[in-house]
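As written, the chain order gives the labels A, B, C and D, with residue 1 at the start of each chain.
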Amino acid sequence: SDITCVADYEALAKDYIDTPVYEYIAGGSGNEQSLRANIEAFQSVQLVNRLLVDCSAGTTATQLLGQSFRHPVLLAPVAYQKLVHPLGELETARAAEALDTCMVTSTLSSCTLEEIAQAHQGNRWFQLYFQVDRAHTLDLVRRAEAAGYSALMVTLDASIQASNRRAKRAGFQFPTAVRPENLQRYQPPQQVTLSTDQSVIFQGAMAEAPGWSDLEWLLANTSLPVLVKGVLHPNDAKQLAAMGVSGVVVSNHGGRALDGVPSAVHVLPQIRAALGKDVTVLADGGVRSGYDVFKLLALGADAVMVGRPLLYGLAVAGALGVAHILRMLRDELEVCMALTGCPTLQEIDRQCLWHSEQETNQHAHRD
Amino acid sequence: SDITCVADYEALAKDYIDTPVYEYIAGGSGNEQSLRANIEAFQSVQLVNRLLVDCSAGTTATQLLGQSFRHPVLLAPVAYQKLVHPLGELETARAAEALDTCMVTSTLSSCTLEEIAQAHQGNRWFQLYFQVDRAHTLDLVRRAEAAGYSALMVTLDASIQASNRRAKRAGFQFPTAVRPENLQRYQPPQQVTLSTDQSVIFQGAMAEAPGWSDLEWLLANTSLPVLVKGVLHPNDAKQLAAMGVSGVVVSNHGGRALDGVPSAVHVLPQIRAALGKDVTVLADGGVRSGYDVFKLLALGADAVMVGRPLLYGLAVAGALGVAHILRMLRDELEVCMALTGCPTLQEIDRQCLWHSEQETNQHAHRD
Amino acid sequence: SDITCVADYEALAKDYIDTPVYEYIAGGSGNEQSLRANIEAFQSVQLVNRLLVDCSAGTTATQLLGQSFRHPVLLAPVAYQKLVHPLGELETARAAEALDTCMVTSTLSSCTLEEIAQAHQGNRWFQLYFQVDRAHTLDLVRRAEAAGYSALMVTLDASIQASNRRAKRAGFQFPTAVRPENLQRYQPPQQVTLSTDQSVIFQGAMAEAPGWSDLEWLLANTSLPVLVKGVLHPNDAKQLAAMGVSGVVVSNHGGRALDGVPSAVHVLPQIRAALGKDVTVLADGGVRSGYDVFKLLALGADAVMVGRPLLYGLAVAGALGVAHILRMLRDELEVCMALTGCPTLQEIDRQCLWHSEQETNQHAHRD
Amino acid sequence: SDITCVADYEALAKDYIDTPVYEYIAGGSGNEQSLRANIEAFQSVQLVNRLLVDCSAGTTATQLLGQSFRHPVLLAPVAYQKLVHPLGELETARAAEALDTCMVTSTLSSCTLEEIAQAHQGNRWFQLYFQVDRAHTLDLVRRAEAAGYSALMVTLDASIQASNRRAKRAGFQFPTAVRPENLQRYQPPQQVTLSTDQSVIFQGAMAEAPGWSDLEWLLANTSLPVLVKGVLHPNDAKQLAAMGVSGVVVSNHGGRALDGVPSAVHVLPQIRAALGKDVTVLADGGVRSGYDVFKLLALGADAVMVGRPLLYGLAVAGALGVAHILRMLRDELEVCMALTGCPTLQEIDRQCLWHSEQETNQHAHRD
């Protein structure tokens, strides 16, 4: 009852999660410049209230990719949820079901995508990591289709695992019981031996990383709508849209991929401007309140995802914790909508923000 | 005798107020972005002193709504003052009387508006919250008129009570003895039952919130001048003025309504520009010194209100504390006027401020 | 030997000065916004080094008001120096003498101006506060002339003593032994009784404050060059120059007069632009190193004064401490000159600073 | 194994180095404004990731001055390395050899340049300080040529040793065993006696400082390519290039020369713009990760040097520590290249950075 907001779960979670695991989750890559930026960026955005607007018919309902959503907040793909709860993704799925929320299941989930689908009848999307072997990738896609996932979210910003210094310092190691269950049935790729001249990054990881042709192949081989996650550059956004991608997720992977990149708050306006109105744009990173959700919507997102908060809720109180977090985010979002005079999501735009001249410029330009 | 400024009362007040009550008063909504902004914004405004100006005929006297005021500092409407002093608003009223200061009585006062009027012969205004039942609203207006209140300040930024996390965490609950005394005689509105599809915010609170027609109705039903409190958007300000409202209060409710909105310091110039010279503009939020009062006047306010400081003075030393606070604010204001070469309030304008180019822009534009 | 810079004296001084006195000296007015700005402003200015410039004929010698100075650093007028050392201003004078430095004696010195003059044969200036009785003012001027002071620095930014909250909280009171020795021979002005309608500020202090005519009278009654101290507004600067004042001191009185005004760093460029090259411009406030001295010179000052540092040196080690501080400032200034390739003060200008576009604007405009 | 980045070595190094020595190394000149700026500046630069770029042929190989380098990270010239390890520069040289890295040997090395050359067959450059006696300077050059050093880096920003306050406070003194071994064979210059009128800075140190003619003489007397270290002003850069210098090092000497100058991050774009593409530009100061390396390359540097990090690695683990640091920098750089879609150094440019309008301006202008 002393839990009043998502931040309270974050604080409490430290008592429920082993320190090395907590550091692995909470930490970011490099110097954590992006991780900090994700949180701070929201403080630089200001709202304006409006008076006397009739909001009695207000609703947060919306359409994404032709699918109906009750709220514009989704559960981000988060790997290995058994790290914080013995039932892992199944509990999260139950919370999603209860709160009528779309859950995005990670390729690296610690329950199989089929198990998760059974626990959650509502909107469910599948997050896809390209596998080294195309056959494996295709099999994952077919399984997701079969299990009723209604969209693929292809994550492309993490070809290389940038080091999480906090986790390393805390001695984090994966418990053997927590595995990528979806991948157990596939033969692991053969280890390539590098000569001393060669780089583990360029000739190692990047040699197996997907390219534009892989994405084209994927688009040709599934009827599901495809979103690409990890987009920060307007040119990438435009090229993806031109290829036939249905949407993009403006994301820096919660500060866990390339450190030093800006947060969604800062690049969203440029991405939305580059794509126009017809492409679906999601955003994530540092969302900790309904105020933050509102700000991303106002800056151009159609919907928003939360990552770490779901783990904190899951760790503290299982499905109930995740549901509580979703509930608080939604209530706060509705307060923002009511007080800014936006009865529906369609009314939420840049006009709801207060900008000094200076910040206006900041959002407007890229060199 | 070691009390030298309002901040000293704030620090002392912690010893005089139970922690949960203190947190309820000191806290703001959401992440307290606006609460912090209210204090910090004043630091970004700079004054310029002027030399050798004759201020021997100086005075802080002014006219607001055709009424004479000795000082441009008013006591903001603050609900439930018995939370910090057994005599509540009556003590505040005595201080207002002693210091010849206008007190704005809240609809939610813990003494009746009639009792307060008796304790304070000077300028007194009534802050009105629209009641669900128009008859109740009208009765409040008639009672205020009868008790000699000379203006109505209609607060419109708080249709929904945004959660005060600090108060919740500290376990704050209203003591049964502290009640909205003005409303005891009215039947409480019937509880509406919501279906699970419906939102407590949109179909609950907002269904009962006032609209433009309610304000029109009010203007038609009272001869008192009406000010609207909680204005931050220039368009709202203009529309209100066009409807016949006599003045606006630029306020974010002390950071207690929609979190994330800018402070009066930042929006005042735009509001004043939108309204021109003839509409009365008050401002509040974070005023803690006569320097702050001066800055708001220079940015376009005709007068200024203080909220929490009156509660701190009241808690520490009753009427004497409130009077002392008013005295310090007034003395500091006079020092500012003397040293900036402004013998009267009319001389206080943007010319008294020092702006870097950058800040100038910041004040000039809204997107 | 562990003293390496002025800041070290400041830290040490706390052990040598009673806390209430220390707070009185270190503190500023109001919320200490200007006091903090004075220190922080220097961090926002950046220098650029230059390579291979011949500085072997370098010198800090300069001319001010037709008088020769070995260094462009002066000892600011600081009242009541016996607060920190039993011999007060006499020790400071001996340091000034030893380091060939100009000392500005305060009207409120705790030794007489005649005693001080005897201890210091070099350049000495007298800081004048207008007295309520013109005869007293004139007598002070005549005494300064007779004692060989070669300029008058009239301080005009302190008609009202703004409250020093830190001093008040610490219970600071003047020891009876520390008196304004220069004024002992004059009858104190009659106390004016104010009616309750009247303000101690406007009808009290400001009724006795000097006006433009008083300054005109002074200029007509002395042959000494007159500088005005406390100038921050370009229009005041221009009007003073037009009246025949020889120079101005850009100063916020060390953050002790009107709180909230900008620091010399920020207004100097505007003042210099308003006055052109022919009027002498000094600056003070927050100077704690030779780097700070260099920055003020580069922004347009002809010379610079230090206030609190002299008290810290005096408290810790008497004349020796003051001399050491002057020595360090001068050495650091010479290092700056050598490394920026400025063999003489004439070369020090805005070209020696590195500005981002943004800061350039900040210096360029006033609203 | 809990070492995950350069900062970890910095923290550990405090346990391996005597405090006075540590302070001497870690400290900067003056108020350490530049020292802090060096670290903070990198936080203000933001990268942008790019998706799906083929980096499987990626490499960090590059050419500088016609010489081949495997990585664009060099070991900066750092004097007296025996301060932190009994074998001093020899250990550093072994690490450079192992990691195929160019080491720049200081004139003030605590092993002779000949010894160092023997320990390191790869690319090696010699950092030259002009000696008071030209014959000594020439002898140093001849010895460097003879020992196979393939470039001279002439440091010109340190004609005067600005005081390192931290070192002074900690009582740092050179151990007698740590000497400038290269200079032992030369007669020390005669001490000049200064009159009391004269300045130890102008008539002392600066009288012996090199001028433009000395640099011309040097260029005429060596066939090695010459780089000048310590360049911050675009005009100096242009004049040096016009004289025939092959490259410049944009550096503020790690915040140890003139305090208050900007960091390489801030001036690099101007220097590169002044010089065009054909002059080699290196940069250093505050580089603590491969992310920092990448940012300097993107802002215009051809290669980057690290100073203090090598001392921390050397102190903690000798050659192994230095090698580990070089390895981490290189791996992080490769991660940045891969995730920004830059398979080679040629692709790294301003397009890889994300700039707000505001910061763009900041980089674009100098007054």
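By our rule, a residue touches a chain if its C-beta (ideal position, glycine included) is under 8 Å from a C-beta of that chain, and two chains touch if they have at least 3 such contacts.
Only a predicted model underlies this, so the values are computations on that prediction, with no experimental measurement involved.
Touching both chain C and chain D, which chains are there?
Of all the chains present, none is in contact with both chain C and chain D.
If you average the Cα atoms of chain A and of chain C to get two centres, how far apart are those centres in Å?
Centre-to-centre distance between chain A and chain C: 58 Å.
Once you find the CA centre of chain B and the CA centre of chain C, what distance in Å lies between them?
41
Residues of chain C that touch two or more other chains: which are they?
Answer for chain C, listing residues that touch two or more other chains: 358.
Go ahead and list every pair of chains that touch.
Between chains, contact exists in these pairs: A-B, A-D, B-C, C-D.
Can you list the chain C residues touching chain B in their complex?
Within the complex, chain C touches chain B at residues 30-31, 33, 37, 156-157, 159-160, 162-163, 165, 168-169, 171, 199-203, 205-207, 209-212, 214-215, 228, 230-233, 236, 240, 252, 257-262, 266-267, 358, 361-367.
Would you tell me which residues of chain A are touching chain B in their complex?
Those in contact with chain B are residues 2, 4-5, 7-8, 43, 45-60, 289, 291, 295, 331-332, 334-340, 343, 350, 353-358, 360.
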